[in-house]
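Next, two complexes with chain A in common: one pairs it with chain B, the other with chain C.
Let's turn to the complex of A and B:
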C-alpha cells in the first residue's frame, strides 16, 4: 500500500523534474515542475475529437492501458512492506500485465487506419518484444542469487556486501533504467520532442487521442516512469526501516529523473534501424549479470 | 462395462442415421450423437478425475489377448478436452456446412468421419493394448484425412490431405516399430509391457525406444522439424475441422508422449533435456514463421506449432524435475503442460471459428485484404480479440495461468541446478519471453489488420455478421476461457490427480506443494478479477466525465492532409517489415518486387512469401529421389506392345540365365 501511494505521488512530479532538468541544461527558463500535471488536468476537462474510422477499441484502449499500469504498480514492494499484490513469481504477472496494456495501445493505434500510427505501432510491438527477454533474465538471475521469485523477497534479501555485488547493482540499475527508457519511448530509442512523425514511436501512436483519453495516456507515462524508478530504488533500499527508506525513495526517484533529463539533453536519438541492436545489447548485459551471479554462487 | 456397450451402441446407431437423413438434418443428428458420446465418456472421466478410475477388460482375440480399457486421470483430462472441442466443433460445423447442402453424399462422408474420428480419439486415450491402440490410431488418422479433404475439388486441398496422410503413416510406422520391438522382447501387447521393457532392457535401448516413439507421436503433435504437414492441412480443411485438428488431434500426440514418459521409466534427465531443447526450438520457430504468414489459417496453424512448443517445455520441465527427484518442479511442469493443452484447444478453436466467420462472409483468408471488419462483425471481432489476448498469454485470461505455471517451473529449475544443467533453463526462459513478445506482434497484426482501420478491399457482396448458431459455441468457449482465467484453482485442483499419477513413479506428491501451487494460482485469479473490475471502474468514470463534454467526429489525423484513403493505411506486410528485416537471415523469404520507374510509371508491385526452410530441407532428398526415379520413366510409354515386349524379355531372361549356366557347366565338364 505504501509503495502504491508513494509511486502515485512521485508520478505527479517526475516528468516535471525531467523537463526542468532539460531546460536548465539547455539554458532555458523552462516550465515549473507541476506543469505536466497542469496539462493533464486541462486535458481532463476538454472535449474530444474521434476519428470516424475508429471503433470501440479506440475508446477502451486508453483505460485498459492505464489500469494495466496501475495493476503493475500494485505489485511493487516498498522495503519491509509488501506490495498490494505479492506472491511467488509476481514479476511474471508484472511483465505480462504491462504487456496487456501495450497490446491495447498498439491495436488502438491500428484502429485509426492511419499510416503514421501503424508505423508507430509496428515499432512499439517490435521493440517491446525485444526488451521482454532482458527483463526476464535479469529478474530470473536475481532470483538465483536470492533464492526467491517474488519482488518483495528478492529485494529484501539482496545485500550489498562485496565489490562484485556493487557491480551487479550497477549493471541491474543500468538495464532497468534502459528498459524504462525503451518502454516509455524516450532517448536514446525515441525522442518525445521530435517534430517529424516519421521518426516517432510512442508519440505517433497517440496522434488521434484527445481530451480525457490523451490525459490518461500521459498520466500513464508518468506512472510508468515512477514505477521503474521505484523498482530501482527498491534495489538499494534493502531492509532498512521506514524513516530511512522513504527519504531514500524520494532521493532515488529525484536522481533518476535528473539522470533521464541529463541523458535526454546530451545524447542523440539512434537511427531507427539501430534500435533493435541496442535493445538486444540489454539482453546480453542481463546475461552478463546472470553469469556474474553464477560465479558468486559457485555454480560453475 | 455398461457405459462401454452404450458407447458402442451410440456409435453404431448414429452412423447409419447420419447417412440416411436429409442434408438439413444431418447437422442436428451429429450434434446429438456427439453430445451423447461425450456424455458417456465424460461421466467416466469426471469420475476418474475425482479418484475413481475405471478399468474394463475385454476378451479380445487370440492375437490381441485381453484388451484393457483404462480411464485414469491422465486419459480423463484429455477425454474431457476432446469432448468439449468436438461438441463446439459439431455445433459450429453444422451451421458452417449449410453452404454445402447440395453435396449430400460428401456431407454424409464428412459427418460420419467426424463421428469416427471422435470415437477413435477417445479410444486412443483409453486403450491400453498396443495392437488395438494402433488400429484406433489408424482410424483416427484416416478419419481426419477424410475430414480435411472435404473440398476435394480443389487441387491444393487434395495435395495437403495426401501430404498429411503420408506423414501420419510415417508416424504409424514408427509407432508400430516401437510397439513390435516391445512385443518381441516381452511377448505382450499390454501397455504394462512397455514399463517391463524399460526394467529388463539396458538404458540405451529404452532411450532408443523412447526416441522412436517420441518421433512417432511428435509427427502428430507437430514438433519442429516434424511439423511440415500441419501448415498445409489446417488451411485446407473446413473451419471446424481446422479447429478440431489444431485443438485436439495434435494434442493426441502430446497425450502419447506423456503416456510413454509415464510408462517408459528411462533416464528422465536425458529425456527431459531432450524434450526441452526440441520444444524451445519448436516454440520460437513456430511463432517466427507465423508472423510472416499472409493466410490467416496458416498463421494460426504455425501458432499451433508454437503452442506445442510451450506444452513441450512444460513436459520437459516435468521430466527434469523427476530426474532430480524435485517434486515441485515436476508438478509445476506437468500441471502447466496439461493445463496449456486444454487452454490451447480453447483459444485456438475460438480463433479458427473466428477465421471461419471471416472466411464465410468475405470468401478470403488473405490478411492484407481485410480491414474495418469490426464494424460489420462486432461479435466475431470481440471473440477474436479475447482469443488473441488469451493466446498471447496475457492476464486476465487462461493462457496466462498455464504460462505462469511453466515459468514458475523454469524458475525453480534455475535455483535447483548448477552450471551446465542450468543453461537450458535460462535459455528456455529467454525463449518463452521471446515467444510471448513475438506472439503479441503476431496477434496485434492479425487482429489489427483484419478488424480495425478501414476496409482495404471491396468485396463483391455485403459483409455480414455470422449466424447465431456459429456464435453460440464461440461464446461457450469464451466462457470457459474467462472461467479458467479468474478461477484457475478449480482447474488445477481437478488436474492434481493426473499430475500425481504422472509424478508418483518416484515420489508421492506432498500435499504442501499442491496447496502452495493452488494458493498462488488463487491469487492470480483474484488479481485477474481485480484487473477486470479496475478497468470497468475507470472506464465508467471516463464515460461519466466524457458524457458532459463536447464530442466531435472527424477524419483521422494525416499531418494536415484531410482526404486520407484506405490505401494510405499500414498493411500487414508493412506492419511486420522491421521484424522481417531482422529475421531475414534466419528464415527463407522470397521477394518479388517491381519498383516505380520513369515519369509515367507502370503499376508497381511488392510481394513477399515466407517459405518453411525445414520443409525445403526435408523435401530436398525426396525430390532427388524423384528425379532419379524419373529417369526410368522412358520405359513407361503407355503402349501395350511395349509392355508385352517387357514381359517377353523377362520370361526369356528367366529361361536363358539358367540355360546358359547349365551349358557353361556342361562345357567346363567337357573340358575336364
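Let's turn to the complex of A and C:
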C-alpha cells in the first residue's frame, strides 16, 4: 500500500522535474514543476473526439493502458512492506500486465488507419519485444542469487556486501533505467519534444487521442516513470526502517528525474536503425549480470 | 550567331537575342551544357503575338558570362525534350508545358509544377496530381502534408517505403502559388514591385530584393553608387549569417540535441535583430530599394555590428565545435542523405547544398556583381554531400561572411545623397538577367520591357526550384525517420518555388 501511494505521489512531479532540469540545462527558466499535471487536469475536463474510422478498441485502449500500469504498480513492494499484490513469480505478472497495456495501445494506433500511427506502432512493438529479454534475464538472475521469485523477497534478501554486489547493483540500475527510457519512449531512443511525425515512436501513436483519453495516456507515462524509479529505489532500500526508506525513496526518484533531464539535454538521439542494436546491448548487459551471479553461486 | 553573350546585369535589346529554329535551339543548348562549366540559370517561355517565345540563359562559370538564345514556337506544339539529354532541364520543361501546353517528347514525366492560375490545362488540379504508384503489397506509402505538425509551409511529400527504408520520395508543391510574376506586371508603382520582390520568399528578403533592384536599375541604365553596392553586399552577407545560424539550430532540434538547438537559437536572435536596428524590420524588409537607400549605413551601425559579433563569435565557434565533436550528433549527421557530386551536376543543383556536394556553384565568384566585383572570393566546399557537409558548410560560410563584413567595415563609403541625380525610366524593348547569390543559392530574375518601356514579362527563379529534386534523391534508401533532418539540411523554400 505504501509503495502504491508514494509512486502515485511521485508521478505528479516526475515529468515536471525532468522538464525543469532540461530548461535549466539550456539556460531557460522553464515552466513550474506542476505544469505537466495542470495540463493533464485541463485535458481531463475536456471531451474526447473520435475519428469515424476507429472502432471500440480505440476508445477502450487508453483506459486499459492506464489500468495496466496501475496494476503493475500494485505489485511493487516498499522495503519491509509488500505490494498490494505479491506472490511467487509476481515479476512475470508485472512484465506481462505492462505488455497487455502496450498491446492495446499498439492495436489502438493501428485502429486509426493512419500511416504514421502504423509506423509508430511497429517501432514500439519492435522495441518492446527487444527489451523483454533484458528485463527477464535481469530479474531472473536476481532471483537465482536470492533464491526467491517475488519482488518483495528478492529485494529484501539482496544485500550490498561485497564489491561484486556493488558491481551488480550498478549494472542492474543502468539496465532498469534504460528500460524505463525505452518503455517511456524517451531519449536516446525517442524524442518526446519533436514535432516531426516521421521520427516519433510513442508520440505518433497517440496523435489521434484527445481530451480525457490523452490526459490518461500522459498520466500513464508519469506513472511509468515513477514506477521504474521505485523499482530502482527498492534495489537499494533493502530492509531499512521506514524513516530511512521514505526519504531515500524520494531522493532516488529525484536523482533519477534529474539524470533523465541531463541525459536528454546533452546528447542527440540515436538514428532509428541503431535503436535495436542499443536495446540488444541491454540484453547482453543483463546476460553479464547473469553470468556473474552464476559464478558467485558456483553453478558453473 | 547562335547566341548573345552578356554579363550579369547587362541590359540588351530584346531584338539582339538570336531567334533559332527549335531544333537548332535545342541541339545548341545540349552542346553547351555538355561543357561542365556551363549551367542553365533560366529557361522559360512567354507569350509573344500568339506564339511562345522560349528564352534560355546559360551561364558560363569560368568565362563569367551568360549566353542567351531564343526560339519561337506555337502553343500546344510538340517538341523534342532537352531533359532527355540533360536532366537539369526537367523542371523548366515541365513549367513551360504547364503554362502553354507544349508537349516535350521524351521528357521523363510531364507533370504540373505549381498549378498557375493561367495554366494551359485547367482540368489538371492539385487534387488529381499523378503520383508515382506501387502495386506491391509489401511496400507501403506514407503521405505527409500539405498541413504539417510544425509551423512550416504547405507541401505534400509522398514516400514509398519498404518498412523503415525510403525507396522513393515524391514532392508535390504548388500550394503557395500567389501569381507573383503576374503581379509584377499588374502593379505599376516601383515601390509596389520592390515590396513584391521582398515577399517572394520570406527567408530571402535581401536576396530577392537585391536581384530585383539590380534588374530594375540595369533596365534603366543606372549604375548604383558605391554606397548602394556596399549596403547590398553587407545585407546579403548578414542575412547569410543569420539564416545559417538558424538552420544549424534547427538541425540540432531535429536530431534532438537540445543544447545546440537552444544556444544557436539564442545566437541567431541578435543577428536578426541587427536588421531591426538598421532598417526597422528584423527580416530586412524595406532595406533594399532600387536607386536609393532609405537607411544609409553609418559609423554608429558599424560599431553596433562589432558589438553584436564580438559577443556572437566565441559562443558560435564553441557550440559548433561541440556539435561537430559530439559522437551522438555525428552518428546522425554523417553519411545521411548523401548527394554525390555527379548527381549534383546532373540535376543542376545550386547554392550551399551544391557546394556541400563538392560542386562549385557560387554567383559571388562566377558572376560577381556590385561590391563582389572588387573582392576575390573563394567558395567554401564540402566533401561528401551528406547532412554533415551541409551543416559544416553553414558554419564555415557564416564565419567567412563575418570576416568578409569585417573587411568591408574598414572602409565605409560616403552615403551622402547626391543632388540632382537623373533617374531614367526603363528602356524600351530591353532584356536583362540579374543573378544574385542569396544565402540559399543562385537567384535569377529576368525582365523584359515592351516598346513603351513598360514591364512586359518578369521571371523569377529561386534556388529551391533546382534543389527540391536533390532532396527527393538524397533520401532514397535512407530511413524514413532521417527524412526530417535531411529536409532541414537543405531548408528549401516552398513559396520561392511556388511563386
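By definition in this document, the second predicted complex is superposed on the first by the 300 of 300 C-alpha atoms of A that agree within 3 Å, B and C clash if a C-alpha of one lies under 4 Å from a C-alpha of the other, contacts with A are read in each partner's own complex, and residues count from 1 in each chain.
Keep in mind that, in the parts below, a residue touches a chain if its C-beta (ideal position, glycine included) is under 8 Å from a C-beta of that chain, and two chains touch if they have at least 3 such contacts.
Keep in mind that this is a model prediction, so the values were computed, not measured.
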> Who does A:89 touch here: chain B (first), chain C (second), both, or neither?
Replying inline: first
> Which of the two partners, first being chain B and second being chain C, lies in contact with A:197: first, second, both, or neither?
Replying inline: both
> Of the two partner chains, chain B (first) and chain C (second), which one does A:115 touch, if any: first, second, both, or neither?
Replying inline: both
> Which holds for A:80: it touches chain B only (first), chain C only (second), both, or neither?
Replying inline: neither
> chain B or chain C: which reaches more residues on chain A?
Replying inline: B
>> With both complexes overlaid on chain A, does A:143 touch chain B (first), chain C (second), both or neither?
In response: first
> In the superposed arrangement, does A:68 touch chain B (first), chain C (second), both or neither?
Replying inline: first
> Is A:129 in contact with chain B, with chain C, with both, or with neither (first, second, both, neither)?
Replying inline: first
> So which bits of chain A does chain B touch that chain C touches too?
Replying inline: 115-116, 118-119, 122-123, 197, 273
>> Under the definition above, what is the set of chain A residues touching chain B in their complex?
In response: 44-57, 60, 62-64, 66-68, 70-71, 85, 87-89, 92-93, 95-97, 99-100, 102-103, 106-107, 110-119, 121-123, 125-126, 128-133, 135-137, 140-141, 143-144, 147, 149, 197, 207-208, 211-213, 216, 273, 276, 283, 287, 290, 294, 299-300
> Which of the residues in chain A come into contact with chain C in the complex?
Replying inline: 22, 25-28, 115-116, 118-119, 122-123, 187-188, 191, 193-199, 264-274
> Residues of chain B touching chain A in their complex?
Replying inline: 371-372, 374-375, 378, 381, 385, 389, 392-395, 400, 403-404, 407-408, 411, 414-415, 418-419, 422, 426, 429-430, 432-434, 436-438, 440-441, 443-445, 447-449, 451-454, 516, 519-520, 523-524, 527, 530-531, 534-535, 538-539, 542, 545-546, 549-559, 564, 566, 568-570, 574-579, 581-582
> For chain C, which residues are in contact with chain A within the complex?
Replying inline: 140-144, 149-150, 163-164, 252-259, 261-263, 266, 326, 328-329, 331-332, 336, 479-484
